[in-house]
Amino acid sequence: MTTTPAFEPNAPTPGTGTSWRERLWPRGGSGSGENLRLLALIILAYIVIVTFQSPDFLSLASLFDLIRTGSALTIVALGVLVVMVTGGIDVSFLANAILSAWIATALSNALGIDSLAFALTIAIGIGTFVGLVNGLIIYLFSLPTLITTLAMQGVLQGVLMVFLGARPITAGFMPSSLRDFGTSVLFEIPAGPGFTGLSVFAIPLVIVIVLTWYLLNRTPIGRASYALGSNPLGAVRSGVEVLKINLVVYGYAGALSGLTGLMMVSEIRLVNPVSLVGNELIVLAAVVIGGAKLTGGTGSVGGVVLGMALITLLSNTLVTLGLSASWNRFFIGAAMVAIAAISHYRAKQRNLKLLNFQDV
Amino acid sequence: MAELIRLEGLSKRYIATQALDHVDLSIAAGEVLCIAGTNGSGKSTLMKCICGAEEPDSGNIVFDGHAYKRLSPSQAMRLGIQIIYQDLAIFPDLTVAENIAFHEIQHRKGLWLDWKACRKTAEDALASLGAKLPLDARLGDLSFGAKQTTAIARALTQECRLLIMDEPTSALPARDVEQLLTMVRRLKERGISVIFVSHKLDEVFEIADRIYVLRDGKEVGEYAPADIDVSELGFLMTGVRVVAGKSDEVKADAPVLLEVRDLQRDGQYRDLSFALRAGEVLGFAGLTGSGRTETALSLFGLNPAKSGRVLVDGAELRITSPQDAVRAGIVLVSEDRASQGLFGRKPIRMNIASSIYERIKGALSLISSDKEATIGDEWVTKVRVKTPSASEPVQSLSGGNQQKVVLAKWLATEPKILILDNPTAGIDVGSKAEIHEIVQTLAREGCGVIMISDDLDELAMSCSRVLVFRTGRIVEEFSGPEITSGRIAATIRQDD
Amino acid sequence: QPKKFEIVMCAKQEGISWFDDMRTGVEDFAKDFGVNAYQIAPETGDPAKQAQMVESLIAKNVDAILVVPNDPKSMEPVLQKAKDAGIVIVSHEAKSLAGTADYDVEAFKNEDFGALMFDKLAKAMNGEGKFVAIVGALTMETHMQWFNAGMEHIKADYPEMEFVLSEPIEDNNDEKTALDKVNEVLKRYPDLKGIVGCSVSGTSMAALAVEKLRRKDIAVVGLGLPSINGPYLEDGYQNVALCWRPADAGYASAFVAYKLLNGETVEAGMDLKRPGYDSVTIEDGVVYGDATLILTAENWKDYKF
Amino acid sequence: MADTTPSHVAPSSKRPGWQARLNEEFLAEVVLYGIAAIVLALIALRLGGAFFNSTNLVSVLEQVPEFALFSLAMAIAMITGGIDLSVIAVADLSAIFAAYIMTNPSIVDVLGPGGAIALATIVALGASALMGLFNGIIIARFGVPALVTTLGTMLLYFGLASGLTGGVGITGMPSAFTDILTLKLGPIPVSFCGLAVLFVLASFYIRNSLFGKTLYLYGDNKVAALFTGLPINRAIIISYALSGLLAGAAGLIMLARFNSMKVGFGDTFLLQAILVAVLAGMDPYGGRGRLLNVLAAVLLLQCVENAFTIEGLSPYAKKMIWGGLLLIFMALNFFVRRIVRRSLTRAALRAG
């Protein structure tokens, strides 16, 4: 039997390339590669503008700053990405982060254990547990994920404030290992009259980037997550165990929330139980700017990193540009609407040509 | 031959319908069993019970001598039962290779996915089917045939002892069907049993070792293909004798309803010129990709042509949206009724009335629910939709009845020009005849009908004129007695 | 038996230590005077929610409402409504409400506090060099009053000092924002010599950023709490912290309301039974105490809030 | 032609009427009102007359308008399977425009206070409708999912508002404007009467008009809506414009209530509006839910809120209870649907 042209792609198919590499940096095709290029271009242009204003900006020190300020949220954003790949969404992550961080710190104090490893274990453990609960109830009652995690956000804050009676833990009462974690550097380089260093946060950041990439691209669960987001019914019929995926995906996002929580409190040396919550939308914005679709099946680690880099850059150069912070949200919003509009519009046009009317 | 699977007294009830009623059935290794039955007779439900997607209310599934009350999807898969659904469980965002090697990826051991091995698996699976596909293309960008080949190839990557195909051909054009049947024969040679469900009875006769007939969830009987013929099978399925009727001649002086001149859209079709008269059923024949659906969508305002003219009742029209088309009296019963034609969770009557809201709206654009109900009930009776009530959600209907709802929805608009894109794909012989009857009645009342179909017999029977499309052009026109499926087939395939 | 008065403090926000301390003051007052006094607050600093809470208190017909408004102006209508319903209103940290509320209670005159704060900064910088200031937001009345009074003081008495930005930095009272902004400023102005914070978050994060650079030569002065800023004072990365005790402010506000409920008048020189409020002054409906607390490495451990 | 005997059944009353009514929409209503009854009973037990007195109940009615409008805006977006995260930002920005106009001395001089109020109202409502329109265009024309679009425009509109005002509040509206909230019809605030009428009309209109049915059908299957020739793009764009308009109205009410406006006023309402819409039975996936229930859910939650303030309980306890209620609601919905489906099947089996 010979092959028939009917099995050929409709047009020279874009988006060919080894799929694994594609997930980190997709080349064209379903639009995500285009999206990443667009994003990289915007970041470059922005860096040029800032450098024009302040020539010192183009330096290793700026990169170090970017890593220090952006790493915690990038980590949690990668967790959100993993959830979004399956077609879900999680908005309870920051409530989870502060809950985990508070319990970890309070427990360290109560037991008199001054060890970063202990605090990390507790925080990540609690974060994972909360994530697993999310995944479980979403699966059991087949609930819409946005609403469930939104409700969960309220429950977590309530648990923290009412049941645990959480009160801020200030620098003086923080285990010193945790206090130091936020300020430690891997190495230092001279900068101005002082010096600047590469924050230790670079280590968890790199680990999580690699781990997330590995999870999404090199494990059965990761591939099944893309499958689930791509065609939920089909995935179930192909024997994908949705419960298992939900648990792994929400558990992983929860674990990263715990890690992020601990990083954030150690960075500011204050465990404030009412902080963090409310910044979820910025993280979601980063993930979406990075090209993940809410309907699932798409999204890449590289996209999230770039998306978060752009948002961190936008808010961290306002003083340098002499702009009032009031305009910060405006720029993030404008970037988000523009990027989303361009990439979705192109995808829509492409699909209409293929007579696919799904995103009318 | 050794028995592979036996069903004993399988029953399944949905709220209002007894979908399966004590079904007994047995399949031997390497046997191709075709299941025939009208829409809603319970074929898909039976398949779902075997592969674990549905839980039977009572009865046993005996596989390899072990009896199971029910199977879970993964359990069924482990036993070697693979199913290819009508709507294919493929993943548009993954590549072809990943889709094919999906099970291998899911069950691999070790820490690192061996991408090369996966590609090899995919290549081998495709080769054993004699097919070739771009392994790294995103599957969502490929044609339906490619998706189906991918799905079959995937089923073969696992130990497969029973392959269930639920209406694999209803969305495939003739040439791909042949390829599919060849694949099935290869599987059979390898000792794999196949359950094949199809409404295209000629295929059933071509491929089946045994035909199992189901009616209203009950077994009618098992037959060897040699013992019965197509019309006998149709009778067994429906309980009535279906007599094919021929369309009427159209008077040459009937007014021209639609005239298309030099219509063109790059990459899809070009130089299209034809006319449609009142009372005429005009057939479009051709292969997939020959541009028929594209043309239909253009006339319906969803795929605007780049150049050319469309005249309705002699007046030139620019149709850029379905609203324009409906207003001009052009309606389209599209290929994919589930996703393009129906609001699954909404009541039948709302589905039917949805097309004429514009017309029945009163002051302030209000729509009286009484009017909606009256219209819905009226059409449910007229096209004889099988349902307990017109307020049932339309997704509870079987395929044929859903298609009737789509037809009713458009007939309610009293269209001047009705375009049907494969209107009877996946529809049983009984309903098919009813749909054909509706179409003929409509033509007799002065409506112009364009019928796109991959079923050449259907074209030959229903049409007074047939245009043959090849690579985006009209290459031939047949009319009256010239129209035979053989001649059309020959023209379609020229210089192939 | 006389009616047990119900006095409710509606604070800015639940769950922050500042208002937790204030709650202890309100509850102490309840114990001392045998009234039903307690504190509520919305979960976020949304003025809309705070106004709703006051609405509910009006419907409950409490005797007195004490309020630390998130946005004084937005509370005016609802407080007026409360007053029309015969409820005693005492505000805190909202001088602009003095006309609406029966009295506004302040720990000190903001002008004095601001001048004192910036004077401490100037002293720490030896009267010369570049500095920046941080406020919660440019729209925060109190912070801006401190900043403006402080700047005037600097202009008048320390001509060698240079404010390098056109306006103070905003941190939205969020530590992470404050830290990122301070870092950015320190990078932009390597020769910066001082940072003054009008928000607790701003001051503490300035100290933290300076500690990271191990630059004890940069002066950090500003609003601070013993629990938060203590360690920085201890380690020498913050020079001076100024504040007032929220518990005392809560106690004093409740006291003023109690006096009014009992039909007594509030007059200058009276004693509200709390340190710094032992002889208050009154000006245009505002009750001023003299309750500034100056925290240093030596004394911060004496306070527990 | 085909000679077929109709084995088909004409629409008949084979299934009793009450069974046909047992659709998912109806079941969600049963669960909602069941929960409402239980919650109100608990409040009655705990607080009794302290809660159920006319002053307090009127106070509840006085407090709901802006919250109810936000929830209505959210619910309309949910009918189409969308969501509108920008409602608060739209409300704040348009109220800021209104505040600028009403407090601008030269405008007041020329038009008089009444004229300035009228102009401010028109501008604010117009601006909010335009912002909603922009959302709708991005969603309908560019095919960007509603969540992404409105998340972006939320940041955009908030950013614009804080950029324009520098974050400063604007105060001092004319008293004729702020007085609208104090008007009463007997004991009932006029604002609530207007709200109730709006909900009844909106609920009826959306269920019985071409526009509304288009939204519901779009929410059920948007591709089919396109292929049916329904005016979907127009309907989507109008629905978001309408959401914007409702948000703008809520903004004006907040402006009147606070006699001042500043970026961020009311931002706690955002998540609450989503929760209320879902609690009211709006299907977040689209196509189902009755708007009138939204008013009931808003009142229920305002009662809970009020009861909490009266009890002097932590707002975090309330947040937890809201979240918990919602999870319970959704889980109950799930179980009720399953139980009903099962028992119907069983009943059918028994009937043969």
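To keep things simple, chains are lettered A, B, C and D as they appear, and every chain counts its residues starting from 1.
As a convention for this text, a residue touches a chain if its C-beta (ideal position, glycine included) is under 8 Å from a C-beta of that chain, and two chains touch if they have at least 3 such contacts.
All figures in this text were calculated on a predicted structure; none of them were measured in a lab.
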Joint neighbours of chain D and chain C, given as chain labels: A
Far-end chain from chain A, centres as C-alpha averages: B
Chain A and chain B, separation of their C-alpha mean positions in angstrom: 42
Rounded Å distance, chain B centre to chain C centre (Cα mean): 73
Interchain centroid distance [CA atoms averaged], chain B/chain D, Å: 41
Separation of mean Cα positions, chain D and chain A [Å, integer]: 30
Touching two or more other chains - residue numbers and ranges from chain A: 157, 161, 324, 357
Numbers and ranges of chain B residues touching at least 2 other chains: 302, 340
Contacts with 2+ other chains: residues of chain C: 14-15, 43-44, 138, 170
Pairs of chains found to touch, sorted by chain label: A-B, A-C, A-D, B-D, C-D
Chain A partner contacts - residues on chain B that touch it in the complex: 53, 73-74, 77, 83, 85, 87-95, 97-98, 102-103, 105-108, 111-113, 115, 130-134, 136-138, 140-143, 145-146, 149, 154, 173, 175-176, 179, 182, 267, 287-289, 293-294, 297, 302-303, 340
Chain A to chain B touching residues, read off their complex: 1-11, 13-20, 29-30, 217-220, 223-224, 226-227, 229-231, 233-241, 297-298, 352, 354-355, 357
Interfacial residue positions of chain A with respect to chain C in the complex: 54, 56, 61-62, 65, 68-69, 157, 161, 166-168, 170-173, 183, 191-196, 264, 267-270, 272-275, 278, 315-320, 322, 324-325
For the chain D and chain A complex, residues of the former touching the latter: 83, 85, 138, 141-145, 147-149, 151-160, 162-163, 165-167, 222-223, 226-227, 232, 271, 274-275, 278, 284-285, 314, 316-324, 326-327, 330-331, 334
Residues on chain A engaged by chain D in the complex (per definition of touch): 89, 137, 140-144, 146-148, 150-155, 157-162, 281, 284-285, 288, 293-295, 324, 326-334, 336-337, 340-341, 344-345, 347-348, 357-360
